[in-house]
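Chains here go by letter, A, B, C and D, matching the order in which they are written, and residues are numbered from 1 within each.
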Amino acid sequence: MLINRRTIRIEWGDCDPAGIVFYPQYFKWFDAAAAALVAAAGFPRADLVERQGIVIPMVETRCRFLIPSRFDDEVTLETTITRFGRSSFDVQHRVLKGADLAVECSETRVWTRLDHTGPEKLKSQPIPEAVVRALSQDGA
Amino acid sequence: MLINRRTIRIEWGDCDPAGIVFYPQYFKWFDAAAAALVAAAGFPRADLVERQGIVIPMVETRCRFLIPSRFDDEVTLETTITRFGRSSFDVQHRVLKGADLAVECSETRVWTRLDHTGPEKLKSQPIPEAVVRALSQDGA
Amino acid sequence: MLINRRTIRIEWGDCDPAGIVFYPQYFKWFDAAAAALVAAAGFPRADLVERQGIVIPMVETRCRFLIPSRFDDEVTLETTITRFGRSSFDVQHRVLKGADLAVECSETRVWTRLDHTGPEKLKSQPIPEAVVRALSQDGA
Amino acid sequence: MLINRRTIRIEWGDCDPAGIVFYPQYFKWFDAAAAALVAAAGFPRADLVERQGIVIPMVETRCRFLIPSRFDDEVTLETTITRFGRSSFDVQHRVLKGADLAVECSETRVWTRLDHTGPEKLKSQPIPEAVVRALSQDGA
């Protein structure tokens, strides 16, 4: 599977009064990393949204927070896809502090078409074969 | 059990280019609602942190996103405690759009003492009996 | 002029490791308050955007931060319009801690039509007479 | 003067329903860039805060937003110091889209000592000579 790796330097504004990352911030990084993974496979988010009306909202997430991170810490975020269904897929995120697992998150996202004819109109779509193939290839 | 209810009007800045709530925002509301629940039981966060050095970080969260919400929508967030352990407790959040369940989240938090002698020093503590008793009372 | 007043309870997640509001957060409140003011005059943002394709982006802001606020503080945000031009208007925000002015901000916004034919296509429009009249009325 | 340059790829979650950067997000980048500039001169924020109890809050900001940016856009943020006073200094941020100036911001920050004996106790301090010297040197 493709893996997306990024180094994150924790900023002052990512942290709360206890001096550790305010946890909703992790989900911003996860969302960007999931999009970067799909983009790395040849499907940049801007193209998906603007040309095809495709978004990939999260429908479920399960996270464990093992080690807090503080500002000026540098962590590595590793993101990969662990399952493909017909219209959904599972993404795994691992935040590493050095060799230690700090946060582990597994989320389910759905390949979805925006429908501007009304609010809340999000319709799941089969994931295109080309997307599955590109994201299933080896390498980092 | 005590229940904390709050009405949330979705703001423009809570939403993403698809016009729906960007999901990390839900966790900001959940965090504030968990703190409000503990405060309603007589233990405001500011007192806990400043006088007792107590914070209540999340160690695990499991969420399902069933119905997206759009800006100007009004939703209700209901928060309650579903389990007390020795030093951890489970919080349940339910986002309702009218009578429909839009988001469901269950999280585990730990009663923790800040230790300023070094980074990452967070030590779990037994939850005080008075806190358990206050949060276990009936009523909304 | 119409004045929009709202009470804001500072949340833990609004604050930085110094324990005071991380200043970008003020701008989120200002943006929501400006929209609430226009909505109170009869022009809710959702209608403007979805039916008319109108957004009101900020083009200039000037803020002074006089007194920091901490989590669990309660502040009052007062928002009013101080000038109407042909297609732009000035909004003033004042954050009060009790009787003291904590933050003062004056911003210029432009009545703008979204144009989906291309990126960055935002075209200023004359502010409708009805909007100016409604926002110029007395009362709170 | 030292200049801090960073490339920013606009993320989906940085943008609002109009598809452009929600403007409070710019201030998060500005805050991190100001800290990175001071760190590049040899004074990392973590050291300043933890060893010396020094923070550098903003007291005034003046920004003009000239060109909106959309998600997947890549912009360059250039940050430099334009004035040193006794305890305050001015920081200039320029967001460039290619060769075009998209956002221009000038802010005043104060060298301040955290005082944990009470809330809101922030006391301005003379900026150390070594800091002024390091930040005044040429080069990028």
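By definition in this document, contacts are C-beta pairs under 8 Å (C-beta built on N, C-alpha and C of every residue); 3 or more make two chains touch, one makes a residue touch a chain.
For clarity, every value in this text was computed on a predicted model and none was experimentally measured.
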{"item": "Chain whose mean Cα position lies farthest from chain C", "value": "A"}
{"item": "Pair joined by the larger number of C-beta contacts - A-B, B-D", "value": "A-B"}
{"item": "Same-interface partner of A-D, chosen from the options A-C, C-D or B-C, over half of the pairs matching", "value": "B-C"}
{"item": "For chain B paired with chain C, centre-to-centre distance based on mean C-alpha positions, whole Å", "value": "28"}
{"item": "Distance between chain centroids, defined by C-alpha means - chain B, chain D (Å)", "value": "32"}
{"item": "Chain centre separation in whole Å, for chain B relative to chain A (CA means)", "value": "23"}
{"item": "Overlap residues in chain D, where contacts from two or more other chains coincide", "value": "12-13, 17-19, 22, 24, 28, 31, 70-71"}
{"item": "Sites on chain C touched by chain D in the complex", "value": "17-20, 22-25, 27-28, 31, 49, 55, 57-68, 70, 114, 119-120, 122"}
{"item": "Complex contact set, residues of chain A against chain C", "value": "12-13, 15-19, 22, 24, 71"}
{"item": "Contact set on chain D toward chain A in their complex", "value": "11-13, 28, 31-32, 35, 44-46, 70-72"}
